[in-house]
């Protein structure tokens, strides 16, 4: 359960409004790697976490902090939009050509839709969507995704910090940059600790290891003419899984399979020259092809008391 | 420029068709972390890469390999869909109750839209979209995102491998699992090499370091009652940036800013009680608030030959 | 700023798992009118609210409660998914035909992507997106949208409650139904209070009233042959704005404007028969048509010190 | 069935073109609460309506009128875009700095994609999508959504009306404002009439009333420190369902359920510390957990002639 | 302006309900090539059409007919969903295993969201979106897109017709198939007529012909090893533009441009090895690189009365 | 399998950077009809093609060429963005008013997200999505869609070519225009060849011909008052399927079906006046209505050895 305090986590006061900067600033709020993304990603990971104690608490703690970050950014946005021009264009341009640039560049939905408030979108107005986030239940893979998201988020914050010289905005961004620095490390330390405590054997995803094609786990394939990629340690260094050396090879087919497809269902009117014999409707041939016949036998057994 | 060879990179032959498995298998092709995602992510990163030689070649090489992976998966899909039931439901159910389960669970667009071929969507039919990928121009952050994507991709592949006992499918997935194992390491080695070669100072995103709020870069905030997250190394270990220790603190406001917003533009009809004084339309007050007046002066200078 | 407590707001324990119900249950979490929608809608409205005190607090309070609701639902989902079949289909169907129905109907991403956890999507897997929410800054219109959202949300909850007889699920849904009942009223009372306290003149959006075409504000147009819609009070009753009676009229053009369009820009290769004379490129004709010439004059004045 | 008349419902003639205004104007056509939204919402509600006569006719009538509104707006857009600059930027800027502002701010798809015609998108180019609309079959909840949509639509129209001083545009917007005023009332009268005629017991959604947790239907929970929300009538006034008083309480957990999740399926590689005992694959444990075993028994009975 | 008649254009009565078929049937209503797509595509093309008379009327006529088709399909959907199982799953499965298949396969939103009515989505629940349609203002290109859309639409209709043996459904689909047959020809005849009447020179898009690289307009490039594509008339036949022969060539770079990128802006922290010399911030170098300096000169002239 | 060559297919060098043009140029890369669309459309069609030899090779060849086109465009974009202003706005505007126009109009994600590189989006930032493409397995319908896509793509390219006078950009666009000219013809020749070689009977989609309502295949319906559409050859010319003449008729209902819907399931709380008798829950009435009872009988037979 959650509770709210009126004070923000950190001050969010620009020295003066700037509608053009507010347009860009949306990227930090509702963009692919904005604060809404990390907030929702951590909340879902925390709620789905199956390791109570320090791991679940850690994810919950940062998820809670991120709600507070989204709050800070929305307040900053509304303040940046104070007095933003939302009136008759012609008059505004007449007053001032610099204003014309602002009018051309500002986000019209800040005036039309949100009345001078923040929007849950990126800098080009794409609504935030949950296709940006992941919560797999596997902490190692999720911590890697989190470290990556914090890195991308910090890079965007850093770029945007160079687009303003407003000391109030810069002060808040200095706080955000620091949190992103810290949070990247938090997730990387988390990965180390998962391995130390036996939740994973190595620091990469390696489940179902016994299924793996061992040879293919040690090759770098070069697919570009004259590629120099074989010079990297990724092509020479030892596997961190088993210590065996990597090697570089030229990308080539490992099969003579040319991807010829089976005969199509004639009732689907797929263009076909008969090279795989006549196609049959899914109903008859399909039932058999799907192995349904055998299943019927098994089902009969099951229903007549024959528990498998 | 790209060229094509008829042979696939690896064999993609199921032992028998399985329409219900094909429905799930779409996740590996067109899902958030499917092969379309890594293909498009690496292609865009490679084309945008500003470090010719081993880095650019490496990204180009793997991008090219991933196109071949998407090809393999589409062939596998079409073969899994051979003879898939796409006909009158009632007749099909009458033949066989197991078939009824298949009919309930299969992807209708495999019959209606693609005629037994693969679809560029995830397992629930969401069309693949470019909101899944990133290419920031900064290789360190992108390599982190790539390592994360390969980890998520491998986890999904591993889960799906447990959902089939078809030896042909398992053989191809064993290849894919191995590539994901290798590729995770490739990106992690890439990060190390970027630091070794001086393209970054530490293995995390840390641009604009001097701007950063130093204190906030060393604190873990607990926002959950009774949180045990302070027990983790993320709250005790040294910063990998400067070696200074981290500490845990209870999440609390670092400001008395309660997020009170400025007076709105009265022409936008925002509900307001006057607590910040009268609002003014953006046109007049707004132009001034935006600092446009000062800019006019500067513009005049610029136009009258006074270059700043 | 926000804080978190380990206990849920309300118990979320199903009597037994049910993967097929969990698939449907996603609609209440990440659907168009699910809990993620009201959570994000109220948070954005609260952060953007310009009336501190009881209005802002009220919106903040319910926004905070809704985070807790999303938390409850995700826990319920993970429990409904316990032991959900995520393995080889053929074996599963052999065991049990009823299981086959479950396998056909369950959400594959619950196994492949989230590892038995909740997903931020609706029942058909559409990722939640911010196009579902609104925060206009105008409390009256937003409270109307909120009352509507709570109504739709309650209706879905009510329909889903009829799809289970699990007492644990029903107990939680009984709580949710009640909250939706209460919250609908909360927003309707809020609208009344806004009018009573002078934040709006009537209980509908009526800004810029003086601009309005008065006659068109009192007519119901029937556009269906033999429509009986004129029998409703909406066509006879008095306007709640000015008390004047409504009337029904047959839908008819109020103009002889046939929507003939102007000549296109010839450089855009729009098919055109010349009926409006020759089109001209936007560059020359366009500048003039846009009134840019006049603006230049005004800009000159502004730059030469002539403040308008 | 539908028919078309060449004349528009209302004149749609701007006094002069204005490409920058046309960019904003898209919000009224293809935005979240634009005319495409109400058109499609009412059409789907009308086609799905199960109460022939005045209710179905009323929804059909307004749905038909809204098609005509979309038509009016597209004509207005094409006329606003007459002579819009779609040519070489450098030349255009040289002519005129005010034109430069227009060039920076206009919608590039108006030139590139639609050739000077309207686009089915909002002001930032997001394509209209059906996630904006609802048609639940329940007239009371849908009428509430409709009243809300008309309110939001009117507010946007009103804001946009303040952004132009073109008398032709203003005349059409005066008509639209009036229709939105009327339509809000139409839906509110519709709700009253549904109650009067016995289609609902109260003016809110209250189906499955007997299931509801009665206590939770009468409490306002404050989740913000020092919240003053308890001062509102929403926290003191009587329930409009049963007349019982509301009360305000501090938000607190109503349970000791800490959301601890069950053991995961080991084949899904979810990170887990064993706190709920060993997890089992869904196939075996899952089938039983899902209650499938019992269902088999019932199915046997059904198949052996034992009709339940 | 539009009007409505209560009678449908064509009968839409299934012989009996079929919820599983209704799930698939959504594809014809709200899918990529469903009736909503052609309805909205033709309406936007018609409203944007600049050739009054037979062309504009023709597009308007078919757009109007398509609204009626969407209406027919929604009625069919609601009838197919009569008595669809929307209740407790366990009880339903107990009654009947065939029903279990239906329960697994039906669209949950048909019960939860629309209450047994049609949904504005495809068969997998993707909301219809305007990214499916085009209205370019150029009738020749749009008529080609329309012919293509009618073809895809007819193919889907044909496939779905094979999935039912309900005579009522088949009767309506027989009507729809015929309309798609007719409409494909309508658009192809339209293209011919545009050429005959001088609105285009050839039956393909060929604007700005003089700009074109003439050689590249006559080559087929083979990019696949051993490609036999050179055997097709597309590689041998004469150009329909100028009668010159086509030829096949092997795909090869026509340049030695290796795509090396310029130095990045150092303030954007793009990884870079200096191979193009030092990068400069966009502010100083950028302004110059963009040619802004020259534009200033021209603007000065314009403002001092020197009209170009 | 695919391979890569460092050289581009064609030179992609602008004479000078132009950030404002780069914003528009995105439409050619990631727009609805941009190069990403034809690349992905042809790749999926090629992989799904069931006619090995010249048809499959041809689709594969052009798909491979299109990857190279996407590569060319991304390189062009990065070069157009060289030195693009991504710094403090106020300083930039002070330098130069023309720069202000650029700042207002450029794509902020070019600086914030991609660091001066191309984005996988259209000119307004909509991420590319797979809802733009089709691969039906039927070559005739897909070739029509391809010809249409090439036409729309060429028209956009042509419009954009008029927006620049940069000789380097124009040279590359001249190549692209030519390829679009050639490719349109390639697909049209492909359709002819499919008919000549017996893969289709006529040049339109006409599967399931015997099902079709023959009369409806020969009528043009006029739905607009005073429509002159009957003057077109589409209303007079012979059917290309059977040579029979077309005719024009006024659009009218062909049925007395008024679309009255069946009684709803009372457990879904759909508003209903009883005009079709009492509704019944789907569970009981629904099972019967769905014909499930009959299916049970058939299933019994199937399970007791009675193969149909």
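Order of writing sets the chain letters: A, B, C, D, E and F. Residues in each chain are counted from 1.
FYI, contacts are C-beta pairs under 8 Å (C-beta built on N, C-alpha and C of every residue); 3 or more make two chains touch, one makes a residue touch a chain.
Protein names from UniProt, one per chain: A, B, C, D, E, F = Manganese catalase family protein.
Everything quoted here is computed from the prediction, not taken from an experiment.
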| item | value |
| --- | --- |
| Any chain that touches chain F and chain B | A, C, D, E |
| Same vs different contact residues, chain C with chain D, by half of numbers used | same |
| Option in B-E, A-E or B-F whose residue-number contact pairs overlap C-E by over half | B-E |
| Separation of chain A from chain D, taking each centre as the mean of its C-alpha atoms, in whole Å | 27 |
| Gap in Å, rounded to a whole number, between the CA centres of chain C and chain A | 25 |
| Touching two or more other chains - residues of chain B | 1-9, 18, 32, 47-48, 53, 55, 60-61, 64, 68, 71, 75, 78, 86-88, 90-91, 93, 95-98, 100-105, 111, 113, 115-117, 121, 124-127, 129, 131, 134, 136-138, 140, 155, 158-159, 162, 207-208, 223-224, 251, 253, 258-259, 261, 263-264, 267-270, 291, 295-296, 299, 302-303 |
| Touch-based graph of the chains, sorted into line, ring, star, complete or other | complete |
| Residue ranges of chain E in contact with chain D within the complex | 1-5, 7-9, 30, 40, 43-44, 47-48, 60-61, 63-64, 67-68, 70-71, 74-75, 78, 90, 93-97, 113-118, 120-121, 127-131, 133-138, 291, 295, 298-299, 302-303, 308 |
| Contact footprint of chain E on chain A as seen in their complex | 155, 158-159, 162, 267-269 |
| List of chain B residues in touch with chain E within their complex | 1-6, 47-53, 55, 86-91, 93, 97, 100-101, 103-105, 107-109, 111-113, 115, 121, 124-127, 136-140, 194, 199-200, 207-208, 302-303 |
| Complex interface listing, chain A residues touching chain F | 18, 20-21, 23-24, 27, 31-32, 97-98, 100-106, 122-126, 156, 159-160, 162-165, 223-226, 251-253, 258-261, 263-264, 268-273, 275-276, 296, 299-300, 303 |
